[in-house]
Amino acid sequence: MRDVVEIGLGKTAQRGYHLDDIAIVPSRRTRDVDDVSTAWQLDAYPFRIPCVGHPSDATMSPTSAATLGRLGGLGVLNVEGLWTRYEDPTKILEELSGLGEDARTTRRLQEVYAEPIRPELITERVRQMREGGGTVAVRVSPQHTLALAPVILDAGVDILVIQGTLVSAEHVSTTDEPLNLKEFIADLDLPVVVGGCTDYKTALHLMRTGAAGVIVGLGGDEWSTTESVLGIRVPMATAIADAAAARRDYLDETGGRYVHLIADGDLRTSGDIAKALGCGADAVMLGEPLSLCDEAPAGGAWWHPAASHPDLPRGAFGVAEESLGSMERLLYGPADEPDGQQNLFGGLRRAMAKCGYRDLKEFQKVGLVLDLER
Amino acid sequence: MRDVVEIGLGKTAQRGYHLDDIAIVPSRRTRDVDDVSTAWQLDAYPFRIPCVGHPSDATMSPTSAATLGRLGGLGVLNVEGLWTRYEDPTKILEELSGLGEDARTTRRLQEVYAEPIRPELITERVRQMREGGGTVAVRVSPQHTLALAPVILDAGVDILVIQGTLVSAEHVSTTDEPLNLKEFIADLDLPVVVGGCTDYKTALHLMRTGAAGVIVGLGGDEWSTTESVLGIRVPMATAIADAAAARRDYLDETGGRYVHLIADGDLRTSGDIAKALGCGADAVMLGEPLSLCDEAPAGGAWWHPAASHPDLPRGAFGVAEESLGSMERLLYGPADEPDGQQNLFGGLRRAMAKCGYRDLKEFQKVGLVLDLER
Amino acid sequence: MRDVVEIGLGKTAQRGYHLDDIAIVPSRRTRDVDDVSTAWQLDAYPFRIPCVGHPSDATMSPTSAATLGRLGGLGVLNVEGLWTRYEDPTKILEELSGLGEDARTTRRLQEVYAEPIRPELITERVRQMREGGGTVAVRVSPQHTLALAPVILDAGVDILVIQGTLVSAEHVSTTDEPLNLKEFIADLDLPVVVGGCTDYKTALHLMRTGAAGVIVGLGGDEWSTTESVLGIRVPMATAIADAAAARRDYLDETGGRYVHLIADGDLRTSGDIAKALGCGADAVMLGEPLSLCDEAPAGGAWWHPAASHPDLPRGAFGVAEESLGSMERLLYGPADEPDGQQNLFGGLRRAMAKCGYRDLKEFQKVGLVLDLER
Amino acid sequence: MRDVVEIGLGKTAQRGYHLDDIAIVPSRRTRDVDDVSTAWQLDAYPFRIPCVGHPSDATMSPTSAATLGRLGGLGVLNVEGLWTRYEDPTKILEELSGLGEDARTTRRLQEVYAEPIRPELITERVRQMREGGGTVAVRVSPQHTLALAPVILDAGVDILVIQGTLVSAEHVSTTDEPLNLKEFIADLDLPVVVGGCTDYKTALHLMRTGAAGVIVGLGGDEWSTTESVLGIRVPMATAIADAAAARRDYLDETGGRYVHLIADGDLRTSGDIAKALGCGADAVMLGEPLSLCDEAPAGGAWWHPAASHPDLPRGAFGVAEESLGSMERLLYGPADEPDGQQNLFGGLRRAMAKCGYRDLKEFQKVGLVLDLER
């Protein structure tokens, strides 16, 4: 049934589908929107909405991460971003928000991220997030996990997110001792989220490391240039559904360990969120959408962490014309723009009601239609 | 034969097609255009053309609904629109016709629709329509049917349209007593049209409620934002053909009850109308196309009823540059624009003639070609 | 092997392909371009190139038709166009060449074509064409064939083209005695070309009328609005290949009568011409491309005959910015634009050489690749 | 498994895929970028990167070819270009860099290439390249190979590239004695690269001529007009994979002769390069991308050699707004534009690392996903 296509003699490719390629098909039942729950829980941490903040400096500061937490989501701070390189990065964030969408901006990003990470600032930022209330989570890259983990753990976070463009359970190196995720996670007593990944096998192997959650996707969006630079493109509907199959198989092989899938990529609207969950995700990681609210640290600018890579930047820089309102309004409405960018989780809740589902786990079974209109 | 695609391991989607994805294939016979009939009949009510006016304030006022009736179609007034909230909404309609296509307009729509419905105005509007001649039909939402039906029925309508974004035969609620469509319709002695719906099963269940007609589609058009907000997109060719299969099966299970299908969505041109009927619809519901004639109540402005939702608006607002002429010309020509927006039913009649068919029921068997050009 | 898709339950559609959807695949042999022949012959009339002029007033006047004949193609004059309605239509053609691309132009077209046809002018135009040299051919619509044929035949044409938007071998009418193509052609002793048609069955039936040539396609191009108005769209690659199958089957059933296929639609460039012939056409009918040369009667304006329909116009009006050169240059080069619009048959010849073929009949077997890039 | 589609009754087409239609799927392993090798070797000549300069005057001068050689790639000079027609073509190149993208430019190209080739300049250019260091390679067309080969061989090149729009192992001519590639190559004692070709059979036959390398593709890019003019379009992913199958079969039939595939077409970014190699190419031929560096001979102008054809030009002319930096930076970074046009082989190396591969031969097995998004 799976589309396996021979693109040339003896060379096959699996056919992949984007969230834009599919849509939700309402079933024969409808339900009151007030009877629908969007609650999500990761390990011991309950959330009102299945929303994880993308650990980008354009989206998550210690303050905005805490705000997201208070509003029912999970804020995540990047400990390799500006907040751990500068005592006070607000000036830099302000400067960045005024830049244009050209090559000079990339060079400026490369410059400001060339500043070294200061471990004591990690401690300080975690303290600030803790003060803000809500679940405390930070992101570290696989390359720096061994070096930075002691500081992070000492600082006392609730959830650790180990996230790189692509993370595998088996990194090969002839020079460094690579991170052994399985051993690393086994030694911790806090839930770890790892990713991104894009296929069944990698997702399954990451689950076997003991992670509580796996990130599916590379955070691709309209500003992403991963395909131009690396030739890698992730059809998210397929990636999520494949990872959901890995989750089922891992559940079976472990006799009951449920690993959460967090979709990261091509999510702009409440409709996109509904589709990602309908494909099997447990939660979504929102980057650019959260950069559009009043609380966004960079005043409406958006760049993916990969956009500041010193020799191979992989993401463009954009600045929104105006804020879409407070983070609360962005998440819960009311909307006064009909384009699905406001009231993100009110839209999700209504989609679930229109299809007659009560909770997110049920909604993963929603019917889908494939159409290739664009 | 049906395209069922595995979008990811264990997750399938039906492939759906839009009216734009298909086209009509003329058969080996042609026929004189004057020998072709576009007549349609719903219950005891005969119509010269299979045209139902979309119950939107941008299209249907008591006056324009009556005009459509006199011209051979079926006008439908929304009893939850401006005409039952205001003694005289013409000032507001005039104001709306001057607005731009931005967020302030959505806010203004939300404001003017916040005014409560006045039951006595329902009675008055039905009286006005009755005076205008033609079949009298009004639309009510499923949520307000139980509350408003007594007033509507007392006022004396010919046909009742119960229409929501999505209507199912089984609405679940823990707080309100939901509308039981089957019992409700059984108690009435006038024909009821219900919808919209998008799939075989819902269509079949709606037919089983005793409805005389079922609306297929959600009224989607280029201004619709249902997909961005809810993740729901309706490939109309597939939705109509699936509902036509439900009509056949219901005909068989009842030994002869024929339920009419009214297509609502992606209909702009006479070519679109021909395709919808060729897919199996009995009639079409026209919204935005009718907003472009001289008689349109809002002077060329168009917004879908869902565009004024108080916290989750789902439709943009557009204003046509100029009228395409009288409603009569729009429906019957002559056209002086070659784009299929004028002479809508003259175009349908000619398409039927080119394919050699005599009437609408025959034309539902017309050959189709699928091509994915756009 | 044929793609038959179920677009909805129980409703199927054949998948169709456009010339843009396919491309030619060179085979393992190449050939000198000077060894390639583009000669074509219809009945007793030999042609240097497989090029038929589209009987539109924008393309074919008595003079330009004769020029095309002298250059090795077949000019066809529309006897229901301006040249048989006006003693001297040059003023009108000049006026039209100055019009814009808006509704007023359609109205002006409708006006100038409202003038009645004067039979004596048919005689005069045929005389002029005869004087110009080359094969003399005129086009008449099926509706007017019985009325105008006597005049046309008396005037003495070589080839008669009976062309309407869609022509079937079985036209049904309750009011008029319809044209019986088979009997009509049997009574003539000159070759008749009929069309357009879009499918195997109609093509086969038209062949059985005794026609020497069948036109495949409806003359669709980027200015065509047949789909918007009638819902009919012709994927030309499929239409040509299907008609070629009808040609094969008819050849078999008659023990050797070969009916020529003339493709009419979506032909702008030498590459398009090569693809149409590669799909199985024997010749191409060129409309808009020939309106771009110095000899074009309307100074670079282009409108399809259907664009002037009195109540249902089906085609837009366009005016080229500048001529692409003489008709000779358009057909045979040299080109100084690299876009395939000049040197149309030099391009065809080179395509044949690159694929190693000697003549047009061989070239119909060329390999094709399908790709849906656009 | 191969998509063979019946586009019409009895007429089939193979489905072809572009590099844009596919993307790379990372596997479950990742690798340090410093452990990855992009080395390539053709016959006795080792290269640091699998990069061949396109023998166009816009890209390769004796100087820039030598620079590319020093940087680890293979420069190729066109001995039928401006450098062998003019003692000093720098003035002409300067003039061309100032031209616009219109028909006058094509005429000017036709003029400057009308100048005859001077054999003594071939000798001189080879001498200059030899002085510049690196491997010396020149391109000659199949038509002129017999005439120019003696001069070229006397001048002493390392590698000979026989390249035309389409080269077959069997060229048929009734007037000239055509080049017999097999005999010609057998008589030489230097490696020969031949092409382009687009299918399995032609590739296999070209391998059997004894060539060391075969060029796959026609150098198509966004400026190419081969399809408009000839109807030929090359879906590169399919063409490369098919040629790779020919390479495998030829390897088997010869018991071990490995012929290198050089992809030529639709290569703009490091992502495109990674995909071409992932489809099975051994190296890529870069035209327009190399015209964007400081060393480009025509100051950022780009035209394909076919764009100057005297009567059938097949390519447009473009001028870049500004240089992307030195050739070294273009090939090895650092990039400050995130669009994949800088650091072309750093991007390739990182793509290989993300997928866990060590060298180019291994990387040909990388997993692919097909998606038809654009």
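First chain written, first letter: the chains are A, B, C and D, and each begins at residue 1.
Going forward, a contact is a pair of C-beta atoms (placed from the backbone, for glycine too) under 8 Å apart; a residue touches a chain by one contact, two chains touch by 3 or more.
Worth saying up front: this structure is predicted, and the values here are computed from it rather than measured.
Path length between chain B and chain D in the touching-chain graph (shortest route): 2.
Between the contact lists of chain A and chain B, the overlap is empty.
Overlaying chain A onto chain D using CA atoms gives a rotation of 90 degrees, to the nearest 5. Different-residue interface: chain B and chain C share under half of the residue numbers found at their contact. Chain centres were defined as the mean of their Cα atoms; on that basis the chain farthest from chain D turns out to be B.
With centres taken as mean Cα positions, chain D sits 40 Å from chain C. For the pair chain A and chain C, the distance between C-alpha centroids works out to 56 Å. Multi-chain contact residues of chain A (touching two or more other chains): 3, 15, 17, 21, 238, 372, 374. Remark: chain C residues 3-18, 20-21, 103, 106-107, 110, 165-176, 178, 197-199, 201-202, 205, 225-235, 238, 307, 310-316, 372, 374 touch chain B in the complex.
Listing the residues of chain C that touch chain D in their complex gives 1-3, 15, 17, 21-32, 34-35, 200, 237-242, 244-245, 248, 269-275, 278-280, 333-341, 343, 346-347, 350-351, 354, 356, 367-374.
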